[in-house]
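Naming follows writing order (A, B, C and D), and every chain is counted from residue 1.
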Amino acid sequence: MSWREVADRIRNWGRWGEEDRLGTLNLITPESVVAAAGLVRTGRTFSLAIPFDASGPQGGRFRSNPERLMSAINGTMSGPKFTSDSDSPFRFSDDSVFMALQAATQWDAIAHVSYDGRLYNGIPADSIDVSGSAELGIHRVAQRGGIVARGVLIDSARHLGIPYLAPDTAVTPAMLDETLETQGVQLREGDVLLVRTGWWQRFIEQGPDRWMAEAPGLSWRCAEWLHDRGVAAVATDTAAVEVRKTEPDAVTMLLHMLTLRDMGMMLGELWRLDELAEECANDQVYEFLLVAAALPFTGAMGTPVAPVAIK
Amino acid sequence: MSWREVADRIRNWGRWGEEDRLGTLNLITPESVVAAAGLVRTGRTFSLAIPFDASGPQGGRFRSNPERLMSAINGTMSGPKFTSDSDSPFRFSDDSVFMALQAATQWDAIAHVSYDGRLYNGIPADSIDVSGSAELGIHRVAQRGGIVARGVLIDSARHLGIPYLAPDTAVTPAMLDETLETQGVQLREGDVLLVRTGWWQRFIEQGPDRWMAEAPGLSWRCAEWLHDRGVAAVATDTAAVEVRKTEPDAVTMLLHMLTLRDMGMMLGELWRLDELAEECANDQVYEFLLVAAALPFTGAMGTPVAPVAIK
Amino acid sequence: MSWREVADRIRNWGRWGEEDRLGTLNLITPESVVAAAGLVRTGRTFSLAIPFDASGPQGGRFRSNPERLMSAINGTMSGPKFTSDSDSPFRFSDDSVFMALQAATQWDAIAHVSYDGRLYNGIPADSIDVSGSAELGIHRVAQRGGIVARGVLIDSARHLGIPYLAPDTAVTPAMLDETLETQGVQLREGDVLLVRTGWWQRFIEQGPDRWMAEAPGLSWRCAEWLHDRGVAAVATDTAAVEVRKTEPDAVTMLLHMLTLRDMGMMLGELWRLDELAEECANDQVYEFLLVAAALPFTGAMGTPVAPVAIK
Amino acid sequence: MSWREVADRIRNWGRWGEEDRLGTLNLITPESVVAAAGLVRTGRTFSLAIPFDASGPQGGRFRSNPERLMSAINGTMSGPKFTSDSDSPFRFSDDSVFMALQAATQWDAIAHVSYDGRLYNGIPADSIDVSGSAELGIHRVAQRGGIVARGVLIDSARHLGIPYLAPDTAVTPAMLDETLETQGVQLREGDVLLVRTGWWQRFIEQGPDRWMAEAPGLSWRCAEWLHDRGVAAVATDTAAVEVRKTEPDAVTMLLHMLTLRDMGMMLGELWRLDELAEECANDQVYEFLLVAAALPFTGAMGTPVAPVAIK
């Protein structure tokens, strides 16, 4: 099937009504949340966020790494300069940040990607303006109460016995199925899927050189697989979820097009999965309660997030 | 007791070792996390974050409201200007933000406040420099796996049958006890306490005029009460947790001093509690699983957060 | 004449060719620059910029005052944190800023204002996109070598013997003529006109309250007057050049529409004219060399500027 | 002489009084400004600023290139989103910027560099705090009426008949003397000296690779030479004025230490000198009126600047 045929098959437009702005998050039900909470057995929690600072993998033309700057250091509230010249013993420190919303661990909002002039559910792409997307901005997700779901980890790197996937590796549906089977876990409708490539660990060890350009990730052929299993969202330890090199029968960023625009499925990027993966390998339990709440930036194309896995 | 006597009594320095950087978060145990997850019965989730945009209550001298600006609108990846001149159908939109880390819904890092030249656990205040606090920055909390705990809501405004507490109201320990009793819920060690004053609703209805200056909140006398009950953290729907007007026997921002610096207890500010409170009033269940994960801004004085209550 | 009739009369489209992007700056010639340099007699220089900091008159929804934050304080170049732990004696300090380009003393780029879907010289308004204006951004002016011209001050407040014009005062062509005559100075083609209302001094004395809303300034009827005299650009000590309250026979911001879009004439705003005015009153010389060079922000709608008057 | 002996010899502390905050700018007198204005003969003006955008040579850890973002595009003033839904024909566009103050064409403030715990004139280095330098911030220069002076260009690259100096070239006093003689121009007290290495042209042609690390520039031995000739300030088309590679008998950034801290002499960096140099070569006149006014960022370590040479 050509990608346009696949797109037609998996397109969720209208599936949850004309007014729907949440896409596959609709697959998460109160019942599935209760079930996910039931997975908490040891009370161990794992933060899946990378450090938010200037050492990050982004930067460059239009995505600044978080640049955090102090606005007060042990200052007082009395003076315009917040200096320590007050009689009161109270001292405070404050800071501000400039950053691309997609510079560190993040969710893509559904509005992030369009093609043929349309966003998810047929919303015109030109509804995005200088103020962002009223229709499909990340605030829509935040209003829903964040993302709380059963999380399932697919540890592709460990399954292959390597620290990280080779450059330009396209992870196929067959590879996902095989790893799930080896790990002894099954997907259920409404799950959030985390796929570990080991690529974040590679960034820590080897730095940014060719890290973006040669990143492995899901093949666009996974779109149907995700659709058929009712996955609610997918996240990886790379910057783009999908393999960066365009596949022969594809176009640039095709998985982004199929998931965000056709399925209405959010993508999680730059998630730190190594510690969680270590634990899963130890206890052989690859499912957990996942909470990854969106900051309600009004109209935004994405949001920084500190996902938490609770086992 | 004078405030300095209280400070001596509740000071947790050394309680969890000289190297401790987490303070009262130590009161949250894996067991208490498992128990908190057991509170999830309906699968309903509530986001406790206010809108992150320029309409917020901060602004002014040194705390900018979130200013989010678009860096690409339905652009392509090929051109320096990200214009729509590509043959590929892929189009994307991106954005960046400038904001004070404490401008919207947030956690104060323990490093946020000092007095007498010391931060929590005796760390010198001058260890904070232009790069922030290596010792007590918010990244310490993030490394621990976020904040996951039993949450308990004290709905002070509803208890009094009013939409919001009167200006300058100091919420006392007695008031907290009474409301808990009426609500039929008890605190346990390691809980995160949320106190609703109704003040956020007042902001929505009446805007910023005198909203900061006359904000109600906890009396500094609550510090002992929080300490004795083993509360792990406390958050409110105001900008400062504590009553803004300095109480007669106090100094400026005294509760900040006692909690952050002496107890090592984080404060949550500008939390949106109205929807959750409505639900709690309906089902008369004032306890829930609370997940409020810190973004790991390295060295930061605080962090934006999208807390989620799961019932 | 209705404003649309005036617009037709003063419209400079095509006057300097279809490719022109400079508008009335074309009226400044090398000869007029030489003549302007000849006005330098005492060697006294006056900076016409207001302080660039958080105390400014802007702020609010979409124009942040300059927020300057330190990124290094007496740091070294060796460490990631720029701390003072180096053996080399070299120490440096650095800072960054977030600001609206039009928050302090500034030039409006010609691209700043459009109506009926057109910018100056018929350029489509929708040529402005998320990357700004390639056609009429401030870089066009900067490429030309900045703005160097004869400057002429009209001190309207002093002429009336008052510290600042009354709220909502519309300065008319007749008032401008009268003041010029009293001051004994004549306009020449290519001049940059500075009109002092005293309003900046009022900001210093009385703060921001109603400062924007009631600002005096030029009546839109001055557009023809400026056109007929060949003025190259006009600047004032207010935030909008023109009187803020819409005049009875006008529309919102009409002088902006006529000058920027029809004439292609740049506006200077928030200029600090008091010191210069004092000097002019002393020596009764209201002409000088004016240098107000645009920072070449590529595609920008305006630029911060530190204008200098040299007498 | 060792560098510390040189430092002792050229140190200007106290030369213009204990309260002096302007250093060698004191060498510019009203008379020298009048004389400089007299150099204007053709009325041609040259902007010496590089493009202010994300393509600049800075970036990286703590000096972001200018990131300019649109806040309104053909919007109206009525709505919170500035959309085009108004009956009034007025439409406006606006933008904001985040940038390091020293990311593009700029002046170093005297406060930028210290050693041995002291800034210029003996001011303690620790007087710089999170609010910047009240004593030696760039606002001091701005208050003085900007920088207006005779400018003299030394075109080192052209003198050697090469497009740009070889990597790591240290320009010596002898080379400066020789070039001045060839160019037929003499320095006078109070001049601002511009030295062209051709390195900016190299950036345009070859990009950032090794551009910083191998930059040529003045040898620290030029400090005495500049001192003895009464130069008021010096600027180059590189990022650091001085040769980047530390010379054998020197320490890191020694010329910065000697000029800014000992002499109180400002440095201009990333100036675009090629067009001006072309003109000087054509008419063989290497002197001109230079206006390079500082934006009065309160307390700042430097300022963006659009220098203008007027011939």
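Here, a residue touches a chain if its C-beta (ideal position, glycine included) is under 8 Å from a C-beta of that chain, and two chains touch if they have at least 3 such contacts.
Source: prediction; values computed, not measured.
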{"item": "If a chain touches chain A and chain D alike, it appears here", "value": "B, C"}
{"item": "Superposing rotation of chain B relative to chain D, computed on C-alpha atoms, to nearest 5°", "value": "180"}
{"item": "Inter-centroid spacing, chain C versus chain B (mean Cα positions, whole Å)", "value": "44"}
{"item": "Length of the line joining the C-alpha centres of chain A and chain B, rounded to whole Å", "value": "24"}
{"item": "Residue list for chain C, restricted to those that touch at least two other chains", "value": "61-62, 64, 67, 70-73, 80, 82, 96, 98, 129-131"}
{"item": "Residue ranges of chain C in contact with chain A within the complex", "value": "55, 67, 69-71, 80, 96, 98, 130"}
{"item": "In the complex, chain C residues that touch chain D", "value": "29-34, 37-38, 40-47, 49-53, 61-64, 66, 68, 70-74, 77, 80, 82, 88-102, 104, 111-116, 125-126, 128-133, 139, 142-146, 148, 251-254, 256-257, 289, 291, 293-302, 304-308, 310"}
{"item": "Interface residues, chain A side, partner chain D - complex", "value": "54, 59-62, 64, 67, 70-73, 75, 81-83, 98, 129-131, 134"}
